[in-house]
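Mind looking over this structure? Questions follow.
Going by the order they are written in, the chains are A, B, C and D; count residues from 1 in each one.
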Amino acid sequence: MYFEHNEKTKELQARLTAFMEEHVYPNETRYEEELNENGRWEVSTLMEELKQKAKKEGLWNLFLPKSEYGEGLTNVEYAPLAEIMGRSLIGPEVFNCNAPDTGNMEVLLHYGNQEQKDKWLVPLLNGEIRSCFTMTEPHVASSDATNIEGNIVRDGDHYVINGRKWWTTNGGDKRTKIAIFMGKTDLTAPKHEQQSMVLVPMDTPGITIKRTLSVFGYDHAPTGHAEIIFENVRVPVSNILWDEGKGFAIAQGRLGPGRIHHCMRAIGAAERALELMCNRVSERMTFGERLADRGVIQEWIANSRIEIEQARLLTLQAAYKMDKEGKKAARKEIAMIKVAVPEVALKVIDRAIQAFGAAGVCEDFPLASHWANSRTLRLVDGPDEVHRRDIARLELTQYQN
Amino acid sequence: MYFEHNEKTKELQARLTAFMEEHVYPNETRYEEELNENGRWEVSTLMEELKQKAKKEGLWNLFLPKSEYGEGLTNVEYAPLAEIMGRSLIGPEVFNCNAPDTGNMEVLLHYGNQEQKDKWLVPLLNGEIRSCFTMTEPHVASSDATNIEGNIVRDGDHYVINGRKWWTTNGGDKRTKIAIFMGKTDLTAPKHEQQSMVLVPMDTPGITIKRTLSVFGYDHAPTGHAEIIFENVRVPVSNILWDEGKGFAIAQGRLGPGRIHHCMRAIGAAERALELMCNRVSERMTFGERLADRGVIQEWIANSRIEIEQARLLTLQAAYKMDKEGKKAARKEIAMIKVAVPEVALKVIDRAIQAFGAAGVCEDFPLASHWANSRTLRLVDGPDEVHRRDIARLELTQYQN
Amino acid sequence: MYFEHNEKTKELQARLTAFMEEHVYPNETRYEEELNENGRWEVSTLMEELKQKAKKEGLWNLFLPKSEYGEGLTNVEYAPLAEIMGRSLIGPEVFNCNAPDTGNMEVLLHYGNQEQKDKWLVPLLNGEIRSCFTMTEPHVASSDATNIEGNIVRDGDHYVINGRKWWTTNGGDKRTKIAIFMGKTDLTAPKHEQQSMVLVPMDTPGITIKRTLSVFGYDHAPTGHAEIIFENVRVPVSNILWDEGKGFAIAQGRLGPGRIHHCMRAIGAAERALELMCNRVSERMTFGERLADRGVIQEWIANSRIEIEQARLLTLQAAYKMDKEGKKAARKEIAMIKVAVPEVALKVIDRAIQAFGAAGVCEDFPLASHWANSRTLRLVDGPDEVHRRDIARLELTQYQN
Amino acid sequence: MYFEHNEKTKELQARLTAFMEEHVYPNETRYEEELNENGRWEVSTLMEELKQKAKKEGLWNLFLPKSEYGEGLTNVEYAPLAEIMGRSLIGPEVFNCNAPDTGNMEVLLHYGNQEQKDKWLVPLLNGEIRSCFTMTEPHVASSDATNIEGNIVRDGDHYVINGRKWWTTNGGDKRTKIAIFMGKTDLTAPKHEQQSMVLVPMDTPGITIKRTLSVFGYDHAPTGHAEIIFENVRVPVSNILWDEGKGFAIAQGRLGPGRIHHCMRAIGAAERALELMCNRVSERMTFGERLADRGVIQEWIANSRIEIEQARLLTLQAAYKMDKEGKKAARKEIAMIKVAVPEVALKVIDRAIQAFGAAGVCEDFPLASHWANSRTLRLVDGPDEVHRRDIARLELTQYQN
């Protein structure tokens, strides 16, 4: 048992923290103002500038595992960095470490052929384009991935794609050039081999961005979550990822690191909320007493600290296990953090909101927006209930005979 | 003990429910679309039409207690009606029963002189204008009302008003013609006699609507919550409500019914969420089973039903006590519902969101928006913590010697 | 809606409260001491004296509905009285209103023939004997009553009874003369008509009291919860209650009022815990401050008050519905209180324990013992989970098509 | 970050687990039966036999840090072993690792002089005698240690000791030969230098064991928790530990490892409860379905697993910090586990009880007894509330200026 990060990680933590303080936090409000002034769905000049700065300082693509594209960090090394980025909602993109691009890049890295990598992975790694991942559908319960109805039919050298997808993050972004489409190629195959993933350039005819969806009132512009209709969209068969019938397997492989990243960012959000709360209650007075001296507020702070520490350790342990034994072996650990961490983030941020009073629910502080974001984590990549069921089943295995 | 509503109430419940089903629910989405099309801060034609319909059917000003302006309902009679209206976020305004107009009308009714009533109360009762109540300030913790810094200085026949207020609901609405300003007239008076309330027409020079604030990501247009700056705003001394030094007393009197209304509407929101959830889980399948047949979902439904029933009974009991013994005697009961009800609404709506999956957090269902609204109820009219402290102190009175 | 008890009830509340203060509370410790001195399973002289006093004052058999044996109270009238009795663990027996004797008396009243009534009901009503109800079995999950394995086989003019029962309250009591045995008479009948109930005198050969079970560490002497073995126990066929195959129906009928009584007593326990806590924190100092002035303690008190009020109202509403529409119509309401009330009692008592420090877990205060008792209420008469499932199903009925 | 135990620890874990399975679990019931047969306050022959076996296998005094008395384990190494012992309530004593003897041995090791060590520490290490620690007093809130009223007055070569202590674990045990008495020697000294600790042989005249206290009905015989009266008890001044005025400092030093031990044992109790629950639900059927296949039960299992993992990691981290930076630096971490771990244990065990039905609350399974034990952990060594206040204050330090 050794509860410290290695030197390499500590050094990156320090540099990232300094960058956040110098460049990210002070620009959060400016970023929103720019969107309001220039049009919420226009490309943000400020963001592109921040990206250049981060790239120059080598704080770029830190999520990337060891590969032909660079050194790479382990999950245990990356986790505390994702936490720091996650303290700001605009943080991850600044470092080219935002979902779903990171997951898509991993998919291309592991399952893309060289041509696909050259065409899509390289510009993504450079932060020149954005990508989206179209899986969730409005008409079926997506918590059961086998429900998917989108279909991919082979027609000579092409696939013809039809389907209605929603909650496609980055779907509203003008920089998004490529979609990974998940659909069924073979309805007669075994349940988990019916799905395939196909690369679909966003300018292919037949794609309609119907609308973007709000999250508790937030539009999450300029990336957004889109509802997209695919009508007879034709792409060459060479656009298949890995092979037909591999869609479910790719999706599973994509999820492990993605969930760890989500969780670490959520811990960052919780830490920031706790920090904001501590600052606020140290200043405000009611009925002749500092809020920080009130027992109820102290309980909020203590419980928040206790919960965050536990959530972080659990996440690091999951990262450790995934590094050492692989995604499959770490399945229970990953499911556990997926349930535990968003709940902690929600509790901590909610307490901070309460401590801020009405100021906490509005745009003046990154609390309500972080809360809304964390709330979606209880749904994306499988709702809590499905993960709890998996955990229980894995736990019960040893008892059944 | 008698757990049924009287005939008059039952009849109104039935008519209101029918109206909601015919006119309100089907127009919720259209209302938002109209705002998006015509400009979010423009007066909604649809709303004005709905108001006319409600007025014609006599479902109008039901909140109004017995007075020179009509028959009036008791709090126990009005409570179940407020619940029905509260099922839709656009419901209360349709029936001219929305906050803060109801509270302002009550203030004018009880503390306004005849001239003030003629000028402001009558058009408010007619739904011709809107009003706002400016109390909360950004720089002090408003949970302690004696913190208020806005000031009202007498200068001959006028008051000169200065202050910065925020969270002024209706402040962004073009139809809002009158503000009740709460400020201090005498810093040397006893703590609870320093405040006064003055009527300030919104077109008085010196008033600047600085911005409207979002709640989570919702702008709550076209009424909105404004930050308003009052700079040397001059109004005749006749605009005082009741008398100098009575501001705190008026504020207290205003809160009792207001809190009951808030709570009953929140129960309506919870009921609607439960209804939506039951509908949804009766239709959706995952892993070969209806969601409605899953134990975890059944627990959500059962707990929601249990919590809602209790919250409603507690609120009705508070209304009963207020009707029978008055606001002051019902102080503990009102504080109790203020703590208990929003918490129930938040829990129930949150479960519904979870049952809906991603659909639950967006604009397709009135869940996320109702959740955000209910979340603010833990802050407005005093945060939970202040009410809990009051309850405990009232409880402990009998033990101290 | 009318939230007050009638005069008759108020008068009984006052008299019961006075009796509790004069005779019951002051004797709680003496009662335990007497048991420790004279033998824990000996009949308590003190209890018999208290019973005589209560009988003399007419505070006797108040649970009894209107019948040939007297006037009787409605459930709404009796509920607040059960609450008062339930404040002390020795309270209910003093007034001949303790489980399971009350339930057994109701069964005899409704389903017994005249001979059975004369022989068993009359002495029970007089408090001369005790009775037990043998249903739960160690080897099957009793939450599903159809699991029962005890059997009753007709042999000429007799039934031959075999089975192993446990958690038979009163089973350890020397005054217990009669058992109601629930078993199966016909394994081929429809699922809910296989069971019958038979009266079995405790001195019938073949009955062995194997042991009494503890609840947490409490033996609940001298009544106790027994494990009882029935081996070829023979009773005349005239000992059947109602008829063969009616066991399940009788059990269902028995449960409605029983659950309301349990819940009201649990509310009494919670009220007493809150009272003890308020007293304690008003006296104790830590770090220079009264516990009663600490925010955290105040939250405990406020939340306790809020929860108790809601639980009581829900229970009274269930009683109201049962009085007016009958047990079956009130099925959902009864299930709701069965889930809600014990949880509230446990929370309130647990807070009181925490406020008392180590003193709270020992015999010096009736907190730990009341907690243990309330904890069993989440299991007896069906565990929470079964009730929640029932509530959800009843709720969902209106949505299915 | 390294999430595995070293080889030495793993080897001890394996041996301890084997010992528990062979000797401890199978004897839990026999131990209770022996007490019931031979007298609950008599020395248990079975326990003494088990102790000899553990000693022979070298599973003895594992709690002991590196010292003149042996090699010693670090806290991180010992923690998982304490967890295994804590799975059984009779486990820790078998390995001479039970509270309060471990804490007392540490006190003697660190603050005792050679004569005190020879006389008391050596027989304690040998398991020949037991010891007690008399600090808590019935008449003051012990959560504030400066409240203590017991006094120690110097009279020539002797101290004269007076005071009333309770919750003195081991106080009822015939093998207990020595008490550490905490009292005040100088009421005029600074607040935290008024207290001293003195060794008091249990056979000194003036000591009266007034009674033993129950914990939720459990007597915890034959060790017990005693109320002890000290009346003019005289001991030589050489019996002082360290020096006059050092009592508070010794108490603080005693608490760090003690709290880690408590927490690790509580995690063991939780693990055992989860194991028992999984076993039970894998066997029992209700309404035609295995309990293990029900969603609600699966949530209990999943949440239990999540909570236990987090609690264990937090405890190991606290142990790590204490090993590396010392007790004082680890103050926040130790306070955090003191709050977090008992809560987890209580939740997990409570779920197990619920899954077992009535069987869960009685003596047939080690659930109710473990629950009661864990409940006291929220009070001993300071109630949760005091620890939360400490955590918050330490957290807030960095924000105040």
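Odds and ends about this structure:
Simple rule for what comes next: a contact is a pair of C-beta atoms (placed from the backbone, for glycine too) under 8 Å apart; a residue touches a chain by one contact, two chains touch by 3 or more.
All values reported here derive from a predicted model rather than from experimental measurement.
Of all chains, the one whose Cα centroid sits at the greatest distance from that of chain C is A.
Looking at B-D alongside A-D, one finds more C-beta pairs in contact between the chains of A-D.
Taking each chain's centre as the mean of its C-alpha atoms, chain C lies 37 Å from chain D. For the pair chain B and chain D, the distance between C-alpha centroids works out to 53 Å. Rounded to whole angstrom units, the spacing between the C-alpha centres of chain A and chain D is 43. Counting partners per residue, chain C has 294-297, 299, 385, 388 as the residues that reach two or more other chains. Listed in rising order, the residues of chain D touching chain A in the complex are 1-6, 76, 274, 278-279, 281-282, 292, 295, 297-299, 301-303, 305-306, 309-311, 313-314, 316-317, 320-321, 332, 336, 339-340, 385, 387-389, 391-393, 395-396, 398-400.
The touching residues of chain B, counted against chain D in their complex, run 294-297, 299. Residue ranges on chain A touching chain B, taken from their complex, read 136, 138, 141-144, 147, 166-167, 213-219, 225, 284-287, 291, 294, 296, 353-354, 357-364, 368-369, 371-372, 375-376, 378-380, 383-386, 388.
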